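Next come two complexes, and both contain subunit A; in the first it sits with subunit B, in the second with subunit C.
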Partner chain A sequence: MSASRIDVGNRLDRRGASPSREATPSARDFVLEVSDFSVHYGVDANMVRAVHDVTLNVRRATVLGVAGESGSGKSTLVYALTRLLRPPGVISGGRAILNVSSDDDPARVTPVNLTTASERELRRVRWSHVSIVLQSALSALNPVRRIGREFDEVLRTHRRAMSRRERRRRAEELLALVGLEPDRLNRFPHELSGGQRQRVMIALALALDPELVVMDEPTTALDVVTQREIITELAELRARFGFAMIFITHDLSLLVELADEIVVMYAGTIVERASAGELYAAPRHPYTLGLLESFPPLHGERRELTGIAGSPPDLAVESVGCSFAPRCPFTMDRCRAETPPLAPIGETGRSVACWLHATPSPVPVPAALSRRWTAPVGPTAPGVTSR
Partner chain B sequence: MTDVDAPTARLSARGLTRHFTTRVPGRIFAAKRVTRAVEDVSLDLVAGRVTAVVGESGSGKSVLARMLARIVTPTSGELYLEGSAIALGGRRTLNYAAQVQLVLQDPFASMNPVHPVRHSLERPLLIHGARKSEVDELARSVLARVALDPPDRFLDRYPHELSGGQLQRVSIARALCVQPSVLLADEPISMLDVSVRLGILNLLKGLADHERLAILYITHDIASARYLADETIVMYAGQVVERSRGTALIDRPAHPYTQLLISSVPDPSSRPGVDASASASRSFVRAEVGCAFAPRCPHATARCRVECPPAFAIGDGHLSRCWLHADQEGVSVDLATPDRQREGEATKT
Partner chain C sequence: MRMILRRIALYALTAWVAVTVNFVLPRLMPGNPVQTLIGKLTGQVTPNEIRAIRLSFGMGFHEGLLAQYGTYLNQLAHGNLGVSITLGAPVSSILRASVPWTVGLIGVSTVVSFLIGTFSGAILGWTRGSRFDSLIPTATFFQAIPYFFLGTVMLLIFGSNLHWFPVLGAYSANVTPGWNWAFIASVIRYGELPVISIVLSSVAGWMLGMRNMMITMIGEDFVLMAVAKGLARRRVIWHAARSAVLPSIANLSLAIGLVVSGALLVELVFNYPGVGDLLLQAVLNEDYPLIQGIFLVITLTVLAANLIADLVYLALDPRTRSEAAV
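Up next is the complex of A and B:
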């Protein structure tokens, strides 16, 4: 690893170093700060509000999970944040600040506003500081190029000083990180299995030692055994290199295992934000509860599950009130009239956008939600509670 | 490896085997390789019951479904429909297709994109001899059966206008058009969104419970098999490695491969930090001699590498193809508690 740019010592410095000279305290803590971020598709009458007023922060060296069903805006959000969104998608409001630590002095942090950055700035930041792994590795890799060329190109572009032999050696190291043989560099994407292709994507994303890796449903197309392998590998790689991660998936139970903090998105907005353990033990938003109840459990008695009735709203139609109200089993009059804000509840810094938790609470907490609340946090009860 | 009483079975398979001969890529003159996709699988699909087949990619479960649907011709083995043997030589007969229908994984790929839903539903009806005057009524009724209400909203839509969940319902409706007695569902929910998966599972369950269909449910997600199954079969490298009535094998997994599958399911309620099969090598490999799972198995012994194990009975209707269960008492009990066993191993090393 000596010749490589991934330098573990350097990376550790970056996290635990003495206070930076210019950046604010939050800039050292958070690798990404997003506030009031909105994305639209199209204009005028046909406008679709895909992401609406999203505020979130990604702490250094942690995993932020983003959960939600198709059409909840989770992929649009990260495409917009990384400025990969194509027209007719437009960022229509808010800011996203990436706190980039400098290569020569890891303690120095420079904020880069991703929403206004020029192509040149983006080129400097992308891949070296923030990289992305897409859902379909087969369509992300060029089918007529050998795997090795993908690595070679990244390194040739961003690491001018490296010789051809160094680049090859670096590519082999990267493949070894994800448990692939060096001879895979000579293969074409179609010669690899789905799991191997996804590993290649992860190795590519780590090629320039980024501070933030965005994963857009990297394991959705894979079977459970391969998914488990990749998740285990990601945990090891993170422990070694200390990058932060945004992990997008519809599989909330996977996120509970993997993420430090989880945001649940519905119809383009964040409806709940909590630490992974709290979210699982005590979901506060009815949609989160519905998502958790959508997966048949592996333990306990077999019982009928209903999932979430209905389908997500049409985002082209401007709605009044809570967007989840038509599907929610606990809907009140207020839900149809007023949109609930994402408001903090409790002491632990979690927040939820639901009138059930408004203070002073006018409504008793629904039984289905409260039963889970009383369940102790931890391995014992939750999945077993029967209706 | 079958214990279900044959007479009540709608569709029975005995010793179903399929080998594919392939060339080594890039070497035209090299000897051909034989891929044993499915090896000696027997099962009975019984009216009103869901039989789940679980395995990872490449375990041969889809080839099995295609053999049962008579799309792939078995290399050897026998098929019995309603107790009478089916000649496996020729083409699938119309009568067979009317009895046994297959639902595929990807509804977007399995519907014709240039025809509306109506076409996909009416065509099988006409082929199977329905009168032109009644097809419209039949198509409506079958859409109602899969809970696509009102049917008029869907009949003249094109596949791209429907969501994945709706389209998978159409795909099931198409299979139900011809009033089959057996429904083969090959990964019907893996391409669908979380919130609609349960809807499809409940639909399949309803078809088995209320309409007495015999259903084969193929999946890699062992938790969904547990939700549905009246009999569970685990396949690895073309072989049945474990099977049980109900979901006994999920609650008390005996075969190391089943344990690997279960440990792979994201399960927040399990003890955090315990990775059940960290010891098992996970990449898919198949041994040519001996037990096919031996190269990945944390319990593999010298015997496993030379001799392929037969199935051992380890409980009521619960079979495991593993040498660990050759001695029924003792070992199997130990294996049934994978966590404790693993810890025991860790202290030994």
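Up next is the complex of A and C:
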């Protein structure tokens, strides 16, 4: 049994499948390379494994969606990657490499190891190369300062050569990008609407033309209409400026429209990784299926929302076997005994951590998890392929 | 701007109420304090002074209550607070001699204590959990000791025994009071020990308050954003401290308001010629005009301090400004 486990693709196997770092065609392809990344909260007896052995790459100018319910570790993962994690959170293993292209020559790329970087190095890459947008723009903006000062501050810190007037002009330009009037710069955060505040945050995140923008549930606090507008704007801005994005949300249907690739997290690990269209139309992990069935489709026929029974596991308790097994409708004996690794499955570049898809297949794969999918010709039309 | 005018109007109204209460209160007291006083002082006061006492209470001989009130307000507008019974001098000139000492001593101590406490509190909040935290129990210890004891012990050790600081009084007997350098230097020298003792006994409050607010602010998203923006550390601390200091500013206004009245123990221990000592004497001697005058000054100072704090708060926290729109 244990022999086949390695065969199916443990970590070793996965490394064999994806080319090692030295062999990558070019570090230029990926803006962020994360390997075997783990994060703990606290120490000793009370330790919580919030993120466990996560490996992922973010390709330049693409959107990586990170989905999962509350407590799945998705936010912890990105805060740890950007070294913004607060105590008692600690990075307990793995590394994250940010491939920074130099300002004067975009072709020249310097790798920065975020996990070991000093305060000084971090300050240099922060905001100029990686910026972040948080869920609540009201609390992310300093309540006692005018909007204009937020822009002025980042520009003054990172673009020393700019004059006061140039900074002001740049701020106005950025606001125009997200459809806000320049007079908003003289306002305080509490004087703007929720949608305007989040637009300000997005404009601020783009101030220094970063290569990677991390979005931590930026639309969760907004109404659906504003949410839709902002998602559309983000897609346009990305097409125009070519930055990469990590977009965290629990709303998988939202991700499908924006993301190129999606990773689904459960209990601190990645359980499935696939292109957005594939994941939506043909999920392979029972948890992904459950997530998809918790949201109504925007188009297509009505169906019953089933959701996922039970609640996520307590990460302070070390569990044996698949962490999703207690909630999974397809549990087998093996699931309770061994942890399934994230392994590639036959189809193009997608992986799943589920024994159902082990080869040779132990049992016939349930119909819901074996739908066929072929890439559509036009742009992705989510919902149409729903059952 | 409308907000500021509204506040000022509100405070003007409050001041009027305070002044009126000060007029009404003696009339509500059982018996007649004027009669008691005159009876007690018969033979020692001139008829003029008797009249002054009556007038200072607004108790003219043939006037109605409303007319008395009018006289009282009129006198007040001219800075006339009546004549002190025990000291035989106008209350206004007595106050003019003692209020500056108290305001100087306690005001300086309060501001110094606020600055030291708030600054160290901000640092302590930022470096929470480090070895600097041991400063807190030390500061709390000094605040826990009753002030008269702390003051007396410091006076004995650093003043009487070690002779590091001069003791008793507000300035040396060898200098002439006035705007000359020798006098000012002497005042500062004599003020050092009282100021240090007051700061020592009050700094813990500011420190703890600021530290706790700082820790709360560090948990806020905008501080996380300041880090994410790659700002220098002191800029990040400033982001947090700027918001954390707001409750302390509100407390400072209350403390400043109490500057005039809260000085009794200090002035007794260090034999300082301030209002606290004066008030004690006035109460012991039942010197009603003086008590009334001191109360009026205290009330008006508290009001003025609160008004200033309100205006400062409006300037510092934009969120309080939008209240006017509601």
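Please note the rule applied: the second predicted complex is superposed on the first by the 333 of 387 C-alpha atoms of A that agree within 3 Å, B and C clash if a C-alpha of one lies under 4 Å from a C-alpha of the other, contacts with A are read in each partner's own complex, and residues count from 1 in each chain.
Note that in this section a residue touches a chain if its C-beta (ideal position, glycine included) is under 8 Å from a C-beta of that chain, and two chains touch if they have at least 3 such contacts.
Computed from a predicted structure; not experimentally measured.
Figure out whether A:Gly290 sits in contact with subunit B (first) or subunit C (second), or with both, or with neither.
first
Looking at the overlay, does A:Val112 come into contact with subunit B only (first), subunit C only (second), both, or neither?
neither
Does subunit B (first) or subunit C (second) touch A:Val224, or do both, or does neither?
Only subunit B is touched by A:Val224; subunit C is not.
When the two structures are overlaid on chain A, which partner does A:His190 contact: first (subunit B), second (subunit C), both, or neither?
After superposition on chain A, A:His190 lies in contact with subunit C alone.
Looking at subunit A, which partner touches more of its residues: subunit C or subunit B?
Tallying touched residues of subunit A, the top partner is B.
Does the superposition put A:Ser136 against subunit B (first), subunit C (second), both, or neither?
second
If we overlay the two complexes on their shared chain A, which of subunit B and subunit C does A:Val90 touch? Say first, second, both or neither.
neither
Which subunit A residues come up in both lists, the one for subunit B and the one for subunit C?
191
Which stretch or stretches of subunit A touch subunit B in the complex?
69-70, 191, 193-194, 223-229, 231-232, 250-254, 256-257, 280, 290-291, 294-299, 302, 304-308, 311, 379, 382-384
Applying the document's contact rule, which stretches of subunit C touch subunit A when the two form their complex?
219-222, 224-233, 235, 239, 242-243, 316-319, 322
With touch defined as at the start, can you tell me which subunit A residues reach subunit C in the complex?
Counting only subunit A, the residues touching subunit C are 82, 84, 86, 119, 122-128, 131-132, 134, 136, 139-144, 146, 153-154, 157-158, 188, 190-191.
What residues of subunit B sit close enough to touch subunit A in their complex?
By the definition above, subunit B touches subunit A via 25, 56-57, 163-165, 193-199, 201-202, 220-224, 226-227, 247, 250, 260-272, 275, 278, 282-284.
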